[in-house]
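Note that the chains take the letters A, B and C in the order they are written out, and that residue 1 is the start of every chain.
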Amino acid sequence: MLVKNAWYVAAWADELGAAPLGRRICDEAVVLFRDAAGRASALADYCCHRSAPLSAGKVVETGLECGYHGMVYGGDGACVSIPGQVHIPPKARVRNYPLVEKDALLWIWMGHASQADPAQIVDYPFHNDTANWPHKHTMYEIAGSANLMVDNLMDLTHLAYVHTTTIGGNAKAHVEAIMQTTPTETGLKFTRWMLETAPPPTYRKGAPQLADKIDRWQEFEFIAPGAVLQYTGATDAGTGAYDRGIRDGGFQLRIFHGLTPATETTCYYFWSGANGYRQNEPQATLDLYNELEVAFKEDVRIVGLQQARLSEVGEDVLINIVADGARVHMRRVIEKLLAKENAAPVLV
Amino acid sequence: MLVKNAWYVAAWADELGAAPLGRRICDEAVVLFRDAAGRASALADYCCHRSAPLSAGKVVETGLECGYHGMVYGGDGACVSIPGQVHIPPKARVRNYPLVEKDALLWIWMGHASQADPAQIVDYPFHNDTANWPHKHTMYEIAGSANLMVDNLMDLTHLAYVHTTTIGGNAKAHVEAIMQTTPTETGLKFTRWMLETAPPPTYRKGAPQLADKIDRWQEFEFIAPGAVLQYTGATDAGTGAYDRGIRDGGFQLRIFHGLTPATETTCYYFWSGANGYRQNEPQATLDLYNELEVAFKEDVRIVGLQQARLSEVGEDVLINIVADGARVHMRRVIEKLLAKENAAPVLV
Amino acid sequence: MLVKNAWYVAAWADELGAAPLGRRICDEAVVLFRDAAGRASALADYCCHRSAPLSAGKVVETGLECGYHGMVYGGDGACVSIPGQVHIPPKARVRNYPLVEKDALLWIWMGHASQADPAQIVDYPFHNDTANWPHKHTMYEIAGSANLMVDNLMDLTHLAYVHTTTIGGNAKAHVEAIMQTTPTETGLKFTRWMLETAPPPTYRKGAPQLADKIDRWQEFEFIAPGAVLQYTGATDAGTGAYDRGIRDGGFQLRIFHGLTPATETTCYYFWSGANGYRQNEPQATLDLYNELEVAFKEDVRIVGLQQARLSEVGEDVLINIVADGARVHMRRVIEKLLAKENAAPVLV
C-alpha cells in the first residue's frame, strides 16, 4: 500500500526542459512537461486515442503532442486538438495530477485532487539560498521501496557498517550517540550528538582545520511520507556546540532527501547536499557532493539487497532492536496516513 | 485471443536453409525445417521423448533429428527412428502444422488442420516478378501485438508524426487526404489520395525527376488476420493519376506487410519493398529498402512503447477518432473471425 | 517438489574462504561462512533485524556480522551481539542448516535437522587421494532442474549426439552398449561396456598409446537425490578388461557429479575429473578437465534448452523409450523419497 494523498517529489525542476519526462510514481505512469510559457504540468502518460506514451511526444505551441497521431493535450489533461477533426469529444482527456514547482523541486499529488493543498508542501528554502547554502543535487532510481530508504535515514547506526570509508566513523561512537526523538504533527524530529569523537573522512576533507576530537550533531526531520531534512555538522570538542548552541566555524551541511515511490518495491531518491562551511568555493560544494555520492551509493546497494530478500521473507519474521526507535515511529506515522486514506478512499 | 484458423507467414522461404528454424507462433513453439528434398515442414518444437527443442537438432537423410538422443521425425511429425529400438510406438510423434511455400513465403496454419485450405493463402505474385517488381525483404521481432502493427497501417495519419524525416510529409496534407474505404470478403481496401502535395524525402530520393507538387496515392488491402498489401506512388500533380488513371513515369512501389502473432503482445513483422520505378537498378531497390527500414523501425519503436502502456491501461479507457475508420473496420473483421472460431473451437 | 531431507553439495570446500558465500538451495537463500577457527556453517541468508542478506556482511571474531547495522550471528544461527544493546532477545536468530565438510565438499541438509545423519553422506575418498586420483573441480549454475541433469547422466546414448567432438564416439556403439543396471539401497548402479570400438577424441588425447579398437567401460552409481559417481575407462580391445577384470595400462578416470537444486528449474552442478592414467603429470589432469569442460558445457546447453521447453509442455506429453531404463528407475527412487517426506512433513 502506498500513500497517495501526499506531495511527493516528481523531479528536480531543472530535470524538466523542453522535452517531456516520463516517470512512474505510485505505480502510475506520469508524464511531466513544461508548456510554451514554462509552466510545468503532470498528466497520465498515455494518449487517450491509442495509448502511446505522451512522454514519447513533444511540446508544441498549444501543449503536449502525442508522437503517434498528433493529438495535443493542455496542462489540464484536456485534448485541445485532434488532427483532421473539428469536434473534440469531452472524453478526449487524460488525468491531470496537481503539480507545484517550489524550492527547485516539482512536487506532485497522486491522490484526490480536491485534497491537494500546496500549503502542505515541505519548505526547503535552502535550495534558493545559494549564498549561504550552495548545493548540488541528483536523483537515483532505487531497487528498494521508499520506506526502506527512509528507514535507512532513521537508524544512523548503519553509518558505522555501511559507510566506513566516508561519513561513518567509529561504531561505538554511533551506538553511544545521545539521541533525542520528538514527534511532530507531520512526522518526527531527532537529534543525535556524538561528543569528543574523531572526525570521519568526509568531515576531515571538508574542514581540515577541525581538531582531532569533535562534537558532532545530526538533526533530522522526517515529514511524511517521503521527505527527510538533514542538518549536520561538527565543531572542535568542548567549544560549546552541544551545551551553548555555538555551531559556527566548524563543518556543517544540509541534505535534502526526497523519497518517491515508483512501485511498492522501487523508488526515486532525490537528494541535494549543501555546503555551509566554505560557501564561496564551488569546488568545496562539488567535493561534498562527491563524498556524499559515494556514501549514498553504498545505501543504494544495501537497500537493493535488503529489498530483494525482504520481498522473499516478509516483515513478519523480523524483530525490532533498540536502535529502531525513530524508524518504528516513522512507520507508525505512515500507517496512520494509510489508515486515514483507506477510510475515505481516493476517488479519481 | 488470437485467430488460429488462418494462414500466417511463418518465415521468408529463404530464411529456411539446411538448419531447422525455431519460431513462436500464436504462442506455440514451432520448428520449421526442409527435408533432404528441400520440402519445408512445420512441427511442434519439442521432442516427444524428453522435450528437447527440435530446432536445436539437425536435418538428416530421414528427417529432423533431435540433438539430445537422436530420435528422427518426418515432415508429418511421426517419429521414424529411435536409436536402439526397432519398434516405434504410435505415440512417438509431434504435432504437424500445415505449411505451404508460396510467393517467397512460408505460410503456416495454426488451427485445425482439416480446415486449412491453401487456396485461401494471400496471393502476392509480385515477389516472383523480379523484372517489374524487384524487391528486398526482412523480418523484425516486435514488442507489440500483430493487431497493433496492423492498426499502424490502417491509420496513415501517423506518417506526419512518426515518419517526418522519411515517408511522412506534411501533416495537413495527410489529414486532408481523400480517403475511400471498401469492405471486402476477407478484410478491406482503402485508397488515399493526396493531391498537389510536396514529395516526401523518400519519394524525392527515389524519383528525382518529380515536380515540386505531386499527386500521391496509397492503396492498401488488408486481408485478415495479418496481411496488408500496399501499392503506392506519385506522379507530377495534375498529370492524370487521380482522374484518368495515368500512373506511369513517376514513383511507385509495392510493400508486402505480414504480421504474425508470436504471443498476445509480440509479433513478427515480415515485409518486402519492391521498386516499380527504376527496376534495372539494383541500387535503387536497395536504396528504397534502406529508406523504408528507417521508417519501419520508427513504427517498431512507437508500437513497442504503445504496447507496454496498453498492456497497463487497457483498451477500455481509449476513444476512437475520425481517422480510425479503417482501423475500426479491421478490428471488427478480426472479432468476427474470433467469434466464428470460438463458436466451433479448434480441436487438435 | 524438491527432496529436502537429503544431503546436497552446497559448495566446494575451497570455494568458502574468508568471505561469506550466498547460495540458493532448494529455493531457500542460504549463507555459508567459516568462523575464525575455519569451521564452516550454513544459515538462512537474511538478518532477522531488517533482512539484509548476511552474505553481504563479513566474518568477525565472534561470527558473521550483518553489513547493515552490525548484528553478529554464531554458526548456530543465534545472534551473539546487537550494537547498542546488552540484552539479546531469544528471537534474535536465524535458521541454521546442518553442514558437514567432507571429501573436499561442503554438504548441507535442507530438511528437518533432527533427521540429518552425517553417516548418510556420500563417500568419495578419491578427492583426498591426490597420489592416485589427482583432480580438478568446478561448479556451474544450470538453467535446468537437478533432475534433468541426473537424467542426462542416466542415459548415455546422448553422448553420440551431444558430445560428438569430445567424449562421444559412434552412435551405433553407444546404442549397442552392453548395459547392466542394478538397484541399490540408495539409488542404482549401472555398467556399460562398449567392446571393440574406436576411442573418442578425449580418450585418444589422454592415452595416445591406445589401439584403434578399445574395450570401453562406464560404471555409474546414482545416490539419491543428487550424486552420481562415475568410473570409466578403456584398454586395448580384447586384453581382458571385460572378461577378466584387467583394467590397467589404458585410460581411466573418475568423475564426481553433484547436482543441487537451486530452484525447481535451476541447479548447481559440482563436478570433478580425476586423472587415473598419468597421475604424475599435472598437465594431464588439466587437459582432462579441459576436455570434460567442453563436453559438460554441451550438456549445460542442451539441458537449459530442454528445461525451457519442458516448463511449457510438461512431462505428460512425453514418452519413454528403451534407453530410459536407468533414468526411469532413478526417478522412481526420487518419487519414493518425496512420498516418504510428504507423509511426515519437514517441520522447521
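Just so we're on the same page, a residue touches a chain if its C-beta (ideal position, glycine included) is under 8 Å from a C-beta of that chain, and two chains touch if they have at least 3 such contacts.
Note that the coordinates shown come from a computational prediction; the quantities given were computed from them, not determined experimentally.
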| item | value |
| --- | --- |
| Chain-level touch network, classified as line, ring, star, complete or other | complete |
| Copies chain A and chain C touch via same or different residues, half shared test | different |
| Interchain centroid distance [CA atoms averaged], chain A/chain C, Å | 48 |
| Residue numbers of chain B (touch at least two other chains) | none |
| Residues of chain A touching chain C in the complex | 151, 155, 157-158, 160-162, 171, 174-176, 302, 305-306, 308-310, 312-313, 315, 317-323 |
| Chain C-facing residues of chain B, complex | 29, 45-46, 48-53, 56, 65-71, 82-85, 89, 91-92 |
